[in-house]
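Each chain carries a letter (A, B, C, D and E) given by its place in the written order, and its residues are counted from 1.
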Amino acid sequence: HVATASNFRQPLQLLARSFEAESGHKVRISTASTGKLYAQIRHGAPYHLFLAADQKRPERLEQEGLAVPGSRFTYAVGQLTLWAPQHPFQGEPKALLSQAGLQRFAIANPKTAPYGMAAQQTLKAMGLWKQLQGRLVQGENIAQTLQFIASGAAEMGFVARSQLSEETRSKGYHWMVPQTLYNPIRQDAILLRRGADNPAARAFHAFLQADSARALISTLGYGLDNH
Amino acid sequence: MESADISALWVTLRLALTTSLILLLLGTPLAWWLVQTRSRLKTAVEALVALPLVLPPTVLGFYLLIALAPDGIIGGMTTHGLAFSFTGLVIGSALYSLPFVVQPLQNAFCSINPLNLEAASTLRASPLDRFFSIVLPLSRPGFITAATLGFAHTVGEFGVVLMIGGNIPGETQVLSIAIYDHVEALEYAQAHWLSGGLLLFSFIILFLVYRQNNRWSHP
Amino acid sequence: MSGIEFSFELERDGFQLNAKARLPGMGITALFGASGSGKTSLLRCIAGLERAGMGRLTVNGECWQDSAKGLFIPPHQRALGYVFQEAALFPHLRVRANLEYGWRRTPKAERKGNLNHICDILGIGGLLQRYPQQLSGGERQRIALGRALLNNPRLLLMDEPMAALDRPRKAEIMPYLERLHTEADIPILYVTHDLEELARIADHLALVEKGRILKQGPLAEMFANIDLPIARDEDAGAIIKTQVTGHDDGYHLTHLHFCGGEILVSRIERAVGEPLNIRIHARDVSLALQPPGESSILNVVQAVVTEMLEQGAGRIMVRLDAGGTPLLARITHKSQSRLGLERGTPVYAQIKSVAVSI
Amino acid sequence: MSGIEFSFELERDGFQLNAKARLPGMGITALFGASGSGKTSLLRCIAGLERAGMGRLTVNGECWQDSAKGLFIPPHQRALGYVFQEAALFPHLRVRANLEYGWRRTPKAERKGNLNHICDILGIGGLLQRYPQQLSGGERQRIALGRALLNNPRLLLMDEPMAALDRPRKAEIMPYLERLHTEADIPILYVTHDLEELARIADHLALVEKGRILKQGPLAEMFANIDLPIARDEDAGAIIKTQVTGHDDGYHLTHLHFCGGEILVSRIERAVGEPLNIRIHARDVSLALQPPGESSILNVVQAVVTEMLEQGAGRIMVRLDAGGTPLLARITHKSQSRLGLERGTPVYAQIKSVAVSI
Amino acid sequence: MESADISALWVTLRLALTTSLILLLLGTPLAWWLVQTRSRLKTAVEALVALPLVLPPTVLGFYLLIALAPDGIIGGMTTHGLAFSFTGLVIGSALYSLPFVVQPLQNAFCSINPLNLEAASTLRASPLDRFFSIVLPLSRPGFITAATLGFAHTVGEFGVVLMIGGNIPGETQVLSIAIYDHVEALEYAQAHWLSGGLLLFSFIILFLVYRQNNRWSHP
């Protein structure tokens, strides 16, 4: 039984399918935001494996003794992307972001979502944070941020590269933000105490670190941990 | 429609039915007590009933999670706690939808002419008998409102359920979360289908209920 | 221990019920009093609908309430029939279900009334499928009456049950109520404003004034008492115990005998020898010193003036004694002078037979 | 074009209103009929509360409704006073606010009544701060009456407005209603079951039967018609136009003159020369062939028998002609035979003065 | 309490007050129409009013977002769209809370004895006058219920607001989201404080409202 942050639901479904075919084990997936899952695990949720959207929560679980020590690893690294579906713009992203006609710029909530934190760091690094203040709209998580843009309510914003499908990638302007502008968005997984003695959980835990899985994750728009 | 969606539909229907049934069973005596009592506690209880409403559902869910966990106040009374179980969901939904059931009932009870009850009492009807033969039928519109608001609100309910349910397919994953997941995953077509179906289905149910109610009221 | 003995105290702003009496446990007792005097309040106390007040109530030996001892039988266990001043029908039930409401809740062994029979008497047979909102005022009142009767009560409380009914309808219902208390032996407390109705139906009269029982007693005694407020009423008159002594078929008359003589009335279907109470309005009795000549007045009774009371506006109420039976006559001051009436004057009282109400 | 002319059709399950008449546009017109005959339905149509039915209504020349032309003046523009059969007080307003409800909505220029004055007449001054639930049945009815009167109506509709009131209270209110229509010239339609009340107050009478207006006419004419159902009533009697000719202060009597002779009644405070309608119950009139001897009966009138009608149970209603004025007498079959009464027989009609009701 | 939380509190109060006011203004004539009409549409409209309830708030929010966007059906009528604006929030909350206002009002109107209206109409009261002098005061409990349910539900509302609000401090960031953020960010102490404060505040408000209502009903 795997609990995953909402943004990794689809990749996880693909991974689980190939794992099920390979091992014969059955994978159950529950999704919610990382913060909710953390609270649930602390209060006895029946999850075996936890795929968070950040490092902080798995770390804490490890400290609190709710997870198997040393089982933590980074399964994916998020990549921040600027997306402006309605702008057939070519050129410097800074110019795009500085244009006067910009009404609404969407980012995820820096306080609760890792992509939000990254977006904030990026804008600060580009020296645009103050300037954009009044136009920022925050999605509660990165999925909502994408919907702000997809619905046309916001003209552009920072989203995760993994969210953009083939179809959406072909629309409008993209800019993959260089890793130098923000701290890497490491998404950690950890084996929970409940899963410690569960062979299926252990097997899936191992499967996720195998090369085949890493390759799949990479093709879905995530970076990989080099360590 | 994915099989997960179908099972979510079933969980949703079971949850909404169970919750509204339980709410009617609990809300009816509570509302009746509120109408009849001269106790000083009355006003406080009324305010308490409406209170869960003002908390955001996820926050309410968070506190419920703490309470229902194996070491929580309520969960502690059971062996494994009530969080992440269907029972837990029912408790959460019931708490959150309580005011939608109690207040319409209370208003309905309140507007019954006491002369009707007095007349029934002189015609050998005991208090319980009076309640069933006079109060209940005379407050039918209140019950319809209470039941539909309670039912619909549970169907659409989301935050509490997500928090204390854990979104476990087949057990605590309800339709609202399934739709939400589709939206999150940009699977708009599926989201539209599910939402449209839910709306149509609900519309038909509500339409039938209201039509019956309107027929009854024009003898 | 037969009798309805009660003592109630109930405080309301501007009104105080303080009623204490022992009324007969059988027959019809009328409660008569001005609007706002407390008649409804008293009935409600007896029915157990006013828990607030202090009270004691014993009905034919059974104690129903005794605040001092903390005893309070709730209304639904009192086996009452209560006809409310407002019809108070259940709006969600059809007429039939309204009528049957109490009936269904009566233990089988105690069921006496019969739906069809009561519908016939009340003339409501055609309304059974209606809802109360679809009835006229008088129809509603009749249903309420029927509902109370079908509750198989051991005590009937009726709060102006016929105020909305026309006279022919009343005339049809009243004999049934009379039979109810004579045959089924159910005591009835009957509130009315109508002295005529009261005289026709009641055996006993209690006068209610400002929340108290001013005076009570058997009807004949109360009516013959010229000091009471009812003696001032337009319909004041004496009630006389008589016995049927024969019928005159040719003229459709019935002969009645009483201590003071004989009276002829329009034919009544009662067997010879049966007792019958009749009423003679004071306004229908005229006095003469000599036996009157030929006139359409059939009844002339010899009597002696026993009491006279000025009632203002030139009217005098005269109480007569006719062989031990009290009679009332209302005459003008002028007549009194012309005839020189005084206490003890022997007179001939002329009574128009058709004015006798039964 | 004075008059209330209407024609209404209204269909209900089991009942059909089909009333058509032209009632006088002044004075009090009584609507009299059995329970369920359609009196309330008719009043509701006139008030404009039943929009469903077909109808035409013209009140004193103003057309209020004409379904054929699509004209329908809504109730609130009809300047009515409607006293409902159930008091229908507003439960959320105190008595004072209930009374003032229509008053406040009357244009200043049209306001006529006076709150304090009406409270005095109805005896409700002490209740102004109460809520309707805190009133007795009769009190509620009086408030409803006051509310309608304070609406400064141009047409008063009253549905048994005094059914819950005791006789002294009625006696206080009735003169006010009479003054209302004589002084303020407001026509009143008055539903009642009580022939006594009706005779006392109405100028005109319309009999309602099965949703139709059976017959209507001036009160005196209707009462003298022994073929109508009201002639069977216990309170049947003739109404006579008289004139005050003098007072006898010593005996508290008033002399009244009419075409057929003179009548003495208990003193009435009316000036000499004023016209006065009085009523003589058929049961209070006795007949004799010779002038009667000394008796307390003051009034003896010479008359001729014009019509006789069997009313069953040995009773006969006799219509007399006293110098052009019709009189009714109810006698027994036996009296008729003994006196040998026939059409044209000259008789002495004895009338007890105190039985005359004004 | 952070300054952001304080401004969120203000936005919340403004939103809840505006929404419940607008709902009462819109819901009253709608409910009255539903009670009076003999139109065939009645039942359908009744069902429609209750419909937004069955959609999960975030999903409803998603559709609203599309509608309110600058090129959406509603947003298209304005220059910049209504998403991420206070006006947009009000529209969303109002839609979602509509049934909680309409249904209690409808029941209250329905239980008024028509004789009262007839009596008023013979006392020169026009239909509008009757509505204000008879219908409104007699349905006070219904209004109290409608207002408190509408208000409380808007205070606690979350999903819709989250979706169409964009969490802009001082404009669309409401208290429910602020509390939610604290929970998500593991700032439990702050979440407890805010929730506790909100509960206490709401309890006091509700208590006062209900006490006043109870006083009125026992004259």
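We adopt the following convention: a residue touches a chain if its C-beta (ideal position, glycine included) is under 8 Å from a C-beta of that chain, and two chains touch if they have at least 3 such contacts.
Keep in mind that this is a model prediction, so the values were computed, not measured.
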Co-neighbours of subunit C and subunit B - touch as defined: none
Taking each chain's C-alpha mean as its centre, the one farthest from subunit D: A
Distance-maximising chain from subunit C - centres being C-alpha averages: A
Inter-chain centre distance, subunit A versus subunit D - centres from mean C-alpha coordinates, in Å: 91
Geometric centre distance via CA averages, subunit E-subunit C, whole Å: 60
Between subunit A and subunit E, centroid-to-centroid distance (C-alpha), Å: 35
Rounded Å distance between subunit D and subunit E, as computed from the means of their C-alpha atoms: 57
Junction residues of subunit D, two or more chains touched: 86
Residue list for subunit E, restricted to those that touch at least two other chains: 62, 177, 180, 183
Sites on subunit A at which at least two other chains make contact: 36, 39, 144, 147
Set of all touching chain pairs, with the criterion as stated earlier: A-B, A-E, B-C, B-E, C-D, D-E
Complex contact set, residues of subunit B against subunit A: 58, 62, 65-66, 68-72, 75, 80-81, 83-84, 162-163, 166-169, 173, 181, 183-186
Of subunit B, residues touching subunit E in the complex: 42-44, 46-48, 50-60, 62-63, 99-100, 103-104, 106-108, 110-111, 141-142, 145, 148-149, 152-153, 155-159, 175-177, 179-180, 183, 191, 195, 198-199, 202-203, 206-207, 210-211, 214, 217
Subunit D-touching residues of subunit E, taken from the complex the two chains share: 115-116, 118-127, 129-130, 133-134, 137-138, 219
Footprint of subunit B on subunit C - complex, ascending: 47-49, 74-82, 84, 86, 88-92, 101-102, 105-106, 131, 147-148, 151
Interface residues, subunit A side, partner subunit B - complex: 1, 3, 6, 9-10, 28-32, 36, 39-40, 43-47, 143-144, 146-147, 150, 163, 165, 168
